[in-house]
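Chain naming follows the written order as A, B, C, D, E and F, and within any one chain the residues start at number 1.
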């Protein structure tokens, strides 16, 4: 059994507060255990220069941690004058993951920016950001569909993410900070509602892993993400009805 | 009467959630109308280079807005690679204001950093940050007093802040965003529990103001801040008992 | 009596050299005691992007100190790669103050940039910059009026600035560096020829101040600025004749 | 069959030039098809601040492309003034991968920096950099072992990397640029001589992938990396003899 | 005699590899002794903003050293976030020198960028870069002439560069790193095929030099550059035939 | 005859104001025609890291132009966030030139920084900066000699600089801005009191120059600098008496 009493395949408690921000087109406060991320979706009626005139839209993400989201205070990246490699890696990952379930042509020439700001961090901030950003994105597209009149609904599927790792030779899902710092392998998985993989990122810096270990971790992640997607469906309710239907 | 039904001297609804962050030595979520600021106080057992070896501590502040705290999304300062002049001006103001009620010698060689992150902005973010940061600071010093054993309690008084302005020739207190953009004069006042002024910053870029207008605004601000300090006392309860007593 | 023999309400010696720069549309070397600031006004026939097509102009300011303007050498901001918060705060203040007496519509779609470069600093560099920049601005607008043919003269009033503070419980005006470092309160005031306030910025970081102290300081500042405006009128002579008349 | 005539599981031609740089402790020019990377290993007798006094060493990597390594010229990151997210991601990956086969305690308090500079790019620059950097690292450690006298040989295993992807529903290994831009899935795998995985990074931005596809790609990568490790062994010859033996 | 056995007026061994880069319009790997520079010429069908619409082209250069081009590793300028003064000085010199033999009107509205990347440095990297960049430029213009149809051939002459200095009161040409660090005077000369000077930069920081010493150094440089230009002619062969003829 | 009536070998009017800055250890306002540069010398009792513990000092220089020193306003380098290549090149040149006449061992472990701020520019700002910075340096060393007690006087010779160029096939000395922009060759020369060259930098970007032209220019520069050094001697008077004597 794990330090917080969970079984190998147990996710942490999951909570979602919809619309915490009164300005954003979509917003959600997601809590996975003690990890809390505020996700907002902002819609702008323009696309980045490299997409101009192609009749398609763009979905991108930014990620940051408040200075005291962690045990000790971190310097702000704005004060340092540049983003760390870790931040860039994470925000590229979030954007890429979300784009895999968006029909950018159906979206039209507009950009949706997902801001994921970590208010409190206890492991899994990048996977929680993806799971939460998806909800904010879905709310924004739902809202947009009421005013814009899409020919095809731009969201092609659900999408969520969790982490898996190996601690003392046992694979476990959804690691908290304490587990994360002890794990010999760390893997993040992003999967769609249809069960297809969008990202599989496994790292064994401390200790390489075997194919068998890899397979076990991937199975745990699959099961965990299926649960998260059910929770997303509940949270979104009617706002998620047209996802993946391809209709207007 | 004002657009949201308030009288000239009415503050907006005020709400405080203590300890929203499980790591920080002090933290508070403060809401003044629709303006919401998360304030954390972080204690570090070291001082900046210019204070080393002087037997005194330091209190400083940082301020930021989440990208979608406002009607339209703003670019992150971390992405721009530098702080705007506005941000620097505000965080210098917050730090200066708080230091005026801290006995830095009594604090000892440690630094308390107040992070004020605006989750949602509807006018008055700098004054709300000061009022909230004071509470987080008081919580952190109260907690510290339990472990450190101060010879004198380092907090010498209460401190809060509000804004005043002139709209259609009438002075009003605690302006929301909509009022702020219509006001011909904008003034921010910081005052202590004893009723002494720490900062008075009035700006009449659109239209200079007379001494009589100035006096009326200052009186409105005084009355408003007195109410805010009462609310701080209620929020802090026993954690505020030793403030200004000069005892251990 | 003060360390340099002045009474409470005495300004320091004031000197102005007009046209020290042969290229600028307006320029002045202003000396207030040992503080020397070179102010140039540069006119450009374009406006910043946020004003394009609105038929109005812009007035802005930049401020810097030469590295050895002070007792010990300071690193150049260009070498550091960024402006300090203090510099940004000051240049925002200068620009805001000057715009309060300019009719931007009357100015037309052009920008006037005031560069205030402190050659030697002995207290009051920001207030001296405002007083000097006003003269450079007036010279530039006077010159411009000869070639452009304004429908209304764009300068609506005179404008000057000084500092006040409290040293050993006594309010004094126009503090030099030595006094500034001893003062418990520091206040900068910007006022128009008509006696209306544009900026009032009082800071009591070391020690908060009472309303009575505040009122005394403000009165001292008013009297001082009236004298400065008389000196500006003398310096400008005929170049100042049309200020505030609203005529072409 | 593939556009350059290879079978699904064929690697591109592989060439290695040892010691192209006369100053570096280890260096190699690696060519995989038309991708050419110059890798140097630099040994310094100090460790980064976070490791000081722990009796262990550090291995890190930097990655860059010459401006004309690609079809069209790219702006230098030094001219832009910052590293792109892509560069940071790649150099973090290379460093992490190499550290997984280094016993940092055995290495002692010294840092080895691997510089991977892409002279010409035709797909697979990050995997080629890892495979080449490993050789440069092995040469540097071999050279160091002659002067330093390790108690345990610090290299614990061989390590190489290749890419796999899916093009027109067929999994292929070691994609060139042309294939890479057509692939619906892109996966990079790093594996040790013992066949354990160090990094598995699969991305299906354009199109998510099934578990079966994933398994097929992973098997292709395994087979490809086994060949690359044989080629590394040949290249290193006697310089590789003590790798993984744990002896001095 | 010199440490490497050369006479006072002997150049180091010179080697040129044409077309080392398969994408660039012109490229060369030049080796002068142990100094190795990879030079690529990139043609773009646009000019910098300051030249737009003038019917003329632009030639510019960038210069960098790989981190381990030297005895000890240097930090990358991209990691520092800015170019050093030395790099800027060198790339301005290379660009200026090359433009002196290009008829920019004949070139038409296009930009040729010469990238000089030092793979290994043993003295004379800036002069070697100029000599090599000229060859890459000549190859690119020759290639361009086949597709564009110039009215006048844009290259007006040959151009090369070498260094001279004074060691133990004796003038020597083409200094290696070891000599360079001992020389009391250091001079770089750029000359055309017609024997006219484009740049003469002599520096006697350690010890000023007399006019007689200056004259001797200049004569040595002239003789050395004549040899280098002969070597350039051999390397270019038919690709250099139209240089300086002014015909299409 | 030249546009301003000067003969080929005539310098422009030369004026020097000593001690314009009351804080700097040495300062001078130098005017050469309409070019005006304020030069201050700042002494600090420490050396840069690379010189620590070697018992020798350092002399370095910084250069900047005020934004409106020129016909049209230039953006501040502090606002751009970085120094231009031109500025870096010039300040490296000034520092190198001055160090050639300073015995750094005799100076002892201290740094003298020369700040050259161009108040008004009309050609020759870099040569005027060198000539003026030398005077400020001499004043600072003279002052220092009164308190420090040098064993050898650290200034080994006088030093000045001027420019030469070729306009309409005629060599001329000390070019103003208008001449500078028409010259086909531009050369800056720095020479000592003993008539030895410290820097010779000739550039023929627009048109290469012959050895005969070069010789004529160098002779003109020599004669001009001899005059400038006489003017320096007059300006310094008794403060220059010990220069080059090698005594205490």
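Just so it is clear, contacts are C-beta pairs under 8 Å (C-beta built on N, C-alpha and C of every residue); 3 or more make two chains touch, one makes a residue touch a chain.
On a predicted model such as this, the values are computed, not experimentally measured, just so you know.
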Following contacts chain by chain, what is the lowest number of steps it takes to reach chain D starting at chain B? 2
Going chain by chain, each one touching the next, work out the least steps from chain C to chain F. 1
From the C-alpha centres, identify the chain that is farthest from chain F. A
To bring chain A onto chain D by a C-alpha fit, how many degrees must it turn, rounded to the nearest 5? 180
Expressed in whole Å, how far the mean CA point of chain A lies from that of chain E is 52
Centre-to-centre distance between chain F and chain A (centres being mean Cα positions), rounded to whole Å: 60
Chain B residues touching 2+ other chains are 81-83
Could you give the sequence of chains met when travelling the ring from chain D by way of chain E? D, E, F, C, B, A
Residue positions on chain F within touch of chain C in the complex are 20-24, 27, 34, 38, 40, 42, 44, 62, 64, 66-73, 76-83, 87, 113, 115, 117, 119-120
What does chain B use to touch chain C in their complex? 82-86, 88-89, 91-92, 96, 99-100, 187, 191-192, 194-211, 214, 218, 222
